[in-house]
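Next come two complexes, and both contain chain A; in the first it sits with chain B, in the second with chain C.
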Partner chain A sequence: MAVLRPFDKLPALNSAVLLLVSSDEGLQQKLAEAILREKKNFKINIHLATSLPLPSERDHLRPRIDMIVFMIDIKSKYSLKNVEASLAYVDASFFLGKVCFLVTGVGRVNCCSIEMNAIWKLGEIYSSPVLFCELEMEGIRVATAQRLLRMLQICAGHIPGVSALSFGSLMRSSAND
Partner chain B sequence: MESLQRDLAAAAAEPEPEPEPNILMLLRLRDQMKQQLMECSTAVRASQEICHGHILEENFTMNNGQDLQRNVEEAKVSFQNKTLALQRIQLMVALRNKMKENDDDSRMITETMKRIVQLSMAVIEYQQQAREKEQKLLDIKRKRFSLKKAGEQKLLQIHTMMKKQKEEQASMKVTKMMEKIHNDFEREKQMTTIIQNVFQNIIIASRVNWAEDPSLREIVLQLEKNVNFI
Partner chain C sequence: MESVDGAVRTLPSIGRLSRGLLFGGVHGRVGLSPSSRLLPPAPPSQENVDSQKTTFLLRKQWTLYSVTPLYRFSDTHLKDYARLLSAFIAAEKQKGLAVEIGVELGIKVAISSLPDLRGSDRDQAAILVQLSSRSPASPKNSEEKVIWSGWFCSVSGDDFSENVPEDFTCLPLFLANGAESYTSIVGSWFQKTFDCCFRRLAISPLNLSWMAAMWTGCKVDKTASAMELVFSVPHLPQPLDISYAIHPEDAKALWDTVQKTPGEITQEEVDVFMDCLYSHFHRHFKIRLSATKLVKVSTAIASAHCDGIIKFLQSQYLTGVLMLLTELAISQIQ
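What follows is the complex of A and B.
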């Protein structure tokens, strides 16, 4: 099946699965390593992909995916197009908080080739949180990894009382109202 | 386009070798499973529901949504305020503890505070002086204004007085002339009276019978007319 669905498989005990979709594999690798280095008390599996759909021959081996992070590089229009094309292969019920857009490379605003408006609209249309980070800097990478880890915990249902559904309203910034 | 999928080593992802599951961990796992079960059952229920009359539902959910959004905003704001207050309290406690230690840092802090106090007192003093000068300036402006007004009034008075004087002069001329005329008139009257009396006496002294001659009678009667009653 080409489309990713959130609840089509049973969850594994005390573990969470994160899917990173990005056209830049170096940054992807760095972010994944930073997330793995964080202290956590559950098992985490990070899947890396450059675009969706994922190859279907390994479908039965893949565990249930708890959260998808789409990485957009502010310097390349191609990454935005890639992400927009991949969004078609994600089921609508995934967008209830289990999807996050991560915009990287914001440290260099002078070579920005994507409109900010486009990114805000993307976040609005898919009602998903948009995070900004600069993965070249160690401190910000660690902070982003911690944030993503926390979000992953909530998406996987490890935190009782907090559901991924609340991301839509909690992360809405008042500037956009 | 071909997409790559790589699974990172699961070994790197595992935490320190799991100890035998103690009660705490079991309870945590139980909470996790409860939460996951709730999420899954919600998803199942959502997919099973038939949506009829969904327009009404839409309005309902929109209104609720707005209320909830407002509540969330209020909660956010109050949370931020509370965080600020908490940070302020923490800062004060840290400062107090630091001062108790009484080492170099605290001495520097006291010196800085003293300097701040000095500067603020100087600022207050200068502000006061500035205000006094402003007051004086205002007073002077007010006085100038009142003087200008007084000057205007005086000018007006002068103007009216000069006009009055001119009128008086003009009227005085007239009165003088009137007086002269009056005096002349009086003189003439007196002279006429005297002449009348003289003629009367001449005619009476001449023992002429003036009643017989009509023209003489006319003249005598005319002389009888008192010029003061004309």
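What follows is the complex of A and C.
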């Protein structure tokens, strides 16, 4: 079983690794490009996967993953099923602030194929933040990229005094208001 | 997050409608849907429904709109409204020329009330607008032909109507059949006269799957036609539609194994039902329908398209279908 663990490898100096899991490769690619275009003072490494588990044969070459973003498209029920199935291959300690659910297609309620309660429940069960966006719109894509980049910095330990866990709890308490 | 698990709708016949939580919980966020719904009421006995008056609504394609509450509308003035509307249509048809109210024109307007179409006594009676024309060749003797019809209705929408100020009438659902140019003329007259706003009512794939499940469970006397689901595949250079037809008895048998409490449907049951159909399809064709968009559902009860087009096929389930559509229209207005 190739369960992903957050701390089983040593971190590389001044770099951060992001894993994007999405069944829609087009949107995933676009988001990754938007993140890479942002200005940053550290090395960023983005891994793309359609689902988990990741292939185990290349595991020794893979760097330590600092944050996992699961992408859900509200227009595709399959994207939610895919994420739900993939979550089984993530170690519990990842959910201490290093996982986030990114819901795209927001604002297209008429095309919605997913019940929103299911998404809220997912965020609650895995105690991870749920972010809403529309990746097909340039402006929102850029803003989302900046947001994820900032979270990645925290998860990789680049921000002194803020840990992934404290940031996660901060997000949760503001979402409950 | 608040829980909406308690949102259950009771049948109108039981008495008070309890839908208070229906729009709570995720309100103001993305999309809202109740976690459970009650089935359309069982077909009422023959004496209750004068099916003659509603049969003309069947087997026609109706385009759905949501309408905000009408200001100072009164169903005692329907004749006057018809006169004014007919003058308005004439004015629109011959823009720039003066028109006299009440003069014989090519198009006749009739506005009447359809008291059968409501869920309970607290609902406003449905209002029917019909435009008919007589052929100009033989103006007196020839039969009038209905060229456009539209109706406003509210079935079990009283939870919403109780919360609007006094002078407003709630008829949140509008259905139109006929040329779109007439829809826009009639719509703009209502908009100007009663200060309301019309909006196309699209049906999301999620709500279509609700309809598929709800209508599968309904009993139909005659040998029913097949249940058909149409899916469109996204992200392709050319549009590709997949049609999935299921024998109604098979669909019913599957639904009966899924549904736990008779008379009530939960979101979970709808999901399980659709997932069963999807996995069956996947086993045969290796295509994941869950990754596509459900665009059309047709059953023996009715057929609905995601663009907001509906066709009613069974008069005894008319109010049941309208109840769900009223709910969707209200959630679009709110």
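The rule is short, and it goes like this: the second predicted complex is superposed on the first by the 169 of 177 C-alpha atoms of A that agree within 3 Å, B and C clash if a C-alpha of one lies under 4 Å from a C-alpha of the other, contacts with A are read in each partner's own complex, and residues count from 1 in each chain.
Just so it is clear, contacts are C-beta pairs under 8 Å (C-beta built on N, C-alpha and C of every residue); 3 or more make two chains touch, one makes a residue touch a chain.
Nothing here was measured: the structure is a model prediction, and the numbers come from that model.
In the superposition on chain A, contact of A:I44 is made with chain B only, not with chain C. More chain A residues lie in contact with B than with the other chain of the pair chain B and chain C. Using the contact criterion defined above for the overlaid structures, shared-chain residue A:L36 touches chain B, although it does not reach chain C. In the overlay built on the shared chain, the residue A:E124 is in contact with chain C alone; chain B does not reach it.
After overlaying the two complexes on the shared chain, residue contacts for A:S79 are found with chain C alone; chain B is out of touch.
Touch criterion met: A:E115 reaches chain C, while chain B stays clear of it.
According to the touch criterion, chain A has no shared surface contacted by chain B in one complex and chain C in the other.
On the side of chain C, the complex with chain A involves touching residues 1, 4, 25-26, 29-33, 35, 202-206, 209, 234-235, 267, 271, 288, 290-294, 306. By the touch criterion stated above, chain B contacts chain A in their complex at residues 1-8, 10, 12-15, 29, 31-36, 38-40, 43-44, 46, 68-69, 72-73. Residues of chain A touching chain B in their complex: 6-7, 11, 13-14, 25, 32, 36, 39-55, 58, 93, 156-161, 163-164, 169-170, 172, 174.
Residue ranges of chain A in contact with chain C, taken from their complex: 23-24, 26, 74-79, 81, 103, 106-107, 109-117, 120, 124, 132, 175-176.
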